[in-house]
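These are the structures, in structure tokens.
In the two complexes below, chain A is the common chain; its partner is chain B in one and chain C in the other.
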Partner chain A sequence: MIELAQRLIAGDRRALARLLSHVENEREGVEQALAVLFAHTGRAYVVGVTGAPGTGKSSLVNALAKACRARGQTVGILAVDPTSPFTGGAILGDRIRMRDLAGDGGVFIRSMATRGSLGGLARAARDAVRLLDAAGFDLVLVETVGAGQSEVEIARAAHTTLVVEAPGLGDDVQAIKAGMLEIADVLVVNKADRPGAVNTVRALKAMLELGHPAARSQMISHHGRLMPAAAPVNGEENAALWIPPVVQTVATEDQGIGELLAALDAHRAYLAGGEALARREREQIAIELTDRLRDTLLAEALAALPPAALAALAEQVQARELDPQGAVQRLLAALPGR
Partner chain B sequence: MIELAQRLIAGDRRALARLLSHVENEREGVEQALAVLFAHTGRAYVVGVTGAPGTGKSSLVNALAKACRARGQTVGILAVDPTSPFTGGAILGDRIRMRDLAGDGGVFIRSMATRGSLGGLARAARDAVRLLDAAGFDLVLVETVGAGQSEVEIARAAHTTLVVEAPGLGDDVQAIKAGMLEIADVLVVNKADRPGAVNTVRALKAMLELGHPAARSQMISHHGRLMPAAAPVNGEENAALWIPPVVQTVATEDQGIGELLAALDAHRAYLAGGEALARREREQIAIELTDRLRDTLLAEALAALPPAALAALAEQVQARELDPQGAVQRLLAALPGR
Partner chain C sequence: MSNRAIRVLIAKPGLDGHDRGAKVIARALRDAGMEVIYTGLRQTPEMIAEAALQEDVDVVGLSILSGAHMALVPRVRQMLNQNGLEDVPLVVGGIIPDDDHAPLMALGVSAIFGPGASTEDIAAHIRSLVEARAGGEMA
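Up next, the complex of A and B:
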């Protein structure tokens, strides 16, 4: 593992691919490799791309990658897909669309699947981003399928989060929009050549105005809860709030990609201009440390409990002899040193 | 709170509504009410309804509720929606479609929103189902918007999980299908009057066949990881595996709803026929106890750590002086009694 890490740093793409597989499969020993590589991270700029199904995220990621390559940046792409024991891995259909990027050594594309664990997806994605970062890619694009809570967590871990919409996707999509708007740094209306694009742009702008800009400073999730962010320091350069721009694109025709890149660059400059980028990174690290602490504490507790304790209490709860919180109190009492 | 719980048991709908709000807002004291009510739960049959946006889940839930009312069952409906600080709550558009159920005392409809916490959504939904259960509803329908991991967790907590598809939703939906198939007990192709319905049914059946049925026994998530389920006991009545049927519906026209109800009843009978239902419930309770134990351990640890410890370590990690796992080791070492 340590040797793989060293080869990754030296630019060996096969070492990168193997370590990505190890992260995905939660292989033992991968933690040591990540610990070694961690000192080499923090250089890549990470852009999360998320949105409802059918918005054309993959085509947009494709177009963005091509545009960044054209200006000399290397690009790592991580596509986080749902998975199924039926198929044994990620669905590769979307990847096929990226065929015109294949053969370019400055681009690395990887689909990542997970095995149904709630926190596992976000964690594996975070570690995979670190691998791409340590491997030296200038830009890492993280594409998530779907609009669930864990996808939101993945997008939040990026520097800049791009939320993709498209005209005419039906009523359900309206609901998703609301949840997605909260995390957007840049909004994209893709498939902007379709009927209804103007209405979609107008609706998004109206929703953005609905939320008073000051509300955005309250949105940072910490320890899995919403908490007010640190108050902006007076005199801080970029104390001004960022209002997400709405960019129209037709990704399959490379239309609007220049404007989109400009919007991403503007957000990056905004973040870098003051304390915002450092604060965002620090908050993400605090969340990660908290998550890891929680997992470690649980693993220790489960190892310390008598093997049958959990199953026995689950049976009592099932029989309604005990309520769940009461059962947890008994588990805590059964831990050594209490 | 305790008084509200008693009024809920006595059939007071306003007490139910208020407790649902308290669960949604994580109000202090709601745990005591839930502890009191817990002994009155375990009677409702819980059906999870999930699927990609645009499949017509709400209309299907509406049609199912009407059909169950027609045969004398009372129905509680919980629609779990994404939320946004912009709008301050759930999007109610879908609810409007359910207008023809309003005014029927045997139906209770509730939209539930959450505030961006990863585990919070699943937990609030579980508690809300318990409230509806304790309030005496025969059937509880839990509708989730989206196809993310936490929605999957919510659906998994149901007795029977219904996954809704629709023809012609584009490529992205294919990817979601794979992740959803794994949790489906019954598959519905809604909007079956649309072109392409036959292909959608055929594709679903092909995907079901791809996965060898025996694989399904390996799919139960435990402690957030996939583990092999308990081996079927020889001679157990329903040791035969359940193959998810594929039902076609046009929910807005009440077409196929009878067949769908029959499929749900068949799955319920299958579960009740042997140890499967009890095992499924016990596994869900074990997962819940583990989740609660983890949250409690973390809360205790954060309270016991010096206030600035986490922030100081996050800064060291940000400066790459320390890797994340190393920082967690220091947090653990700083806990009293170690």
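Up next, the complex of A and C:
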């Protein structure tokens, strides 16, 4: 494992691919490699790309990566696709849309299935991003379907989160419901050559004015009159507010990609300019540590419990002799050392 | 190793645009619990070998209906080897005349599946390839 890590740092793409598999498979010993590599991370700029199926995320990642390559940046891509809950299998088809990047030594594309466990995916994705970071890619793009909590969490664990929308996928209320607007640093309306794109942009902007925390301190337009919004804003954040821009693109035609790149650069500059970057990283690390602590404690607890304890209590709960939380209390009491 | 899934690359090299077969296989392997990386049409051998490396797949499956298999398959094998993937088995599907089976197998193709092959057989073959390889790794 340590040898693989050293080969990765030396630029061996095979070693990177192997370590990505070991991370996914939770292979024993991979922690040591990750520990060695951690000192080499923190240099890549990480952009999360999320949105509903069919909005054109993969095409957008393809176009973005091409544009970044054109200005000399190397790009690592992690494309996460869902695992079938019935068979455990998955079809990972993001490479189909990334043909333009094939054969470029400055690009590395890895497809990842969500597999079973919720916590496992978040951990594997974070570690996979670190591997790409340690391998020296300037930019790491993480693409996930914005359909589940864990996928959205992955897209959030980035410096800049890009939420992709497309015309005709439901009204503005859908956008609020999905909770996607709050996490966006940059909003993209892709397929902007389709009818309805202008309406989608207008709806998103209206929602941002109303809903985005950063916009609350602004004057809002109400029945044609500008009114100050009342929500209090804490002083530090007030110094420099980031209001997510809405960018229109046609990814398959490379339209609007320059503007999108400019918006990403602007967000990066905004983060770097103040305390925002450090704060964002600290918050993300705190979330990660909490996740890892929970996973580790759970694994330890499950290993320490008598093998049949859980099944026996499940039967009691099923028979309505015990409520679920009561059963958990008993499990906790049965743990050694408590 | 609790989370291990078999990863298969399904690729269509060359210029024919008939991808129904590749998609049927991709779906069947997914339903057999495998992770299928599908690259789409018109892949060069270089693109396939690079994708196999980046995705760290256990098996590469090629679908060829153009008749160019005697040119494409050796080239893919050569490119895979060049990427250090000598031990990654190659499986071929599509329209392959009987006379070409032996020469292809001699090139290191582990199986050839034509029209009418059952998807269960294909999945079972891939599983056995992966198990054989895993056994070798442990030794």
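Just so it is clear, the second predicted complex is superposed on the first by the 293 of 338 C-alpha atoms of A that agree within 3 Å, B and C clash if a C-alpha of one lies under 4 Å from a C-alpha of the other, contacts with A are read in each partner's own complex, and residues count from 1 in each chain.
Basically, a contact is a pair of C-beta atoms (placed from the backbone, for glycine too) under 8 Å apart; a residue touches a chain by one contact, two chains touch by 3 or more.
In this text the structure is predicted, and so the values were computed from the model without any measurement.
Legend: residue contacts after superposition of the two complexes on their common chain; A:Gly103 is shown touching chain C, with no touch to chain B. After overlaying the two complexes on the shared chain, residue contacts for A:Ala17 are found with chain C alone; chain B is out of touch. Look at A:Asn25: by the touch rule set out above, it reaches chain C but stays clear of chain B. Which of chain B and chain C touches more residues of chain A is settled by the count: it is B.
Legend: residue contacts after superposition of the two complexes on their common chain; A:Arg43 is shown touching neither chain B nor chain C. Judged by the touch definition given at the top, the superposed model places A:Arg292 against chain B, while chain C stays out of reach.
Within chain A, the residues touched by chain B in the first complex and by chain C in the second are 83-84, 87, 90-91, 93, 115-116, 120. The touching residues of chain B, counted against chain A in their complex, run 31, 34-35, 38-39, 41-42, 52-55, 57-58, 81-87, 90-91, 93-94, 115-122, 145-153, 169-176, 178-182, 207-208, 210-211, 215-216, 218-219, 221, 223-226, 278, 281-282, 285-286, 288-290, 292-298, 301-302, 310-311, 313-315, 317-318, 320, 323-328, 331-332, 337. Within the complex formed with chain C, the residues of chain A that make contact are 13-14, 17-18, 20-21, 24-28, 83-84, 87-93, 95-96, 99, 102-103, 108-111, 113, 115-116, 120. Those residues of chain C that touch chain A in the complex are listed here as 1-5, 7, 26-27, 29-40, 43-44, 46-47, 50-51, 53-56, 83-84.
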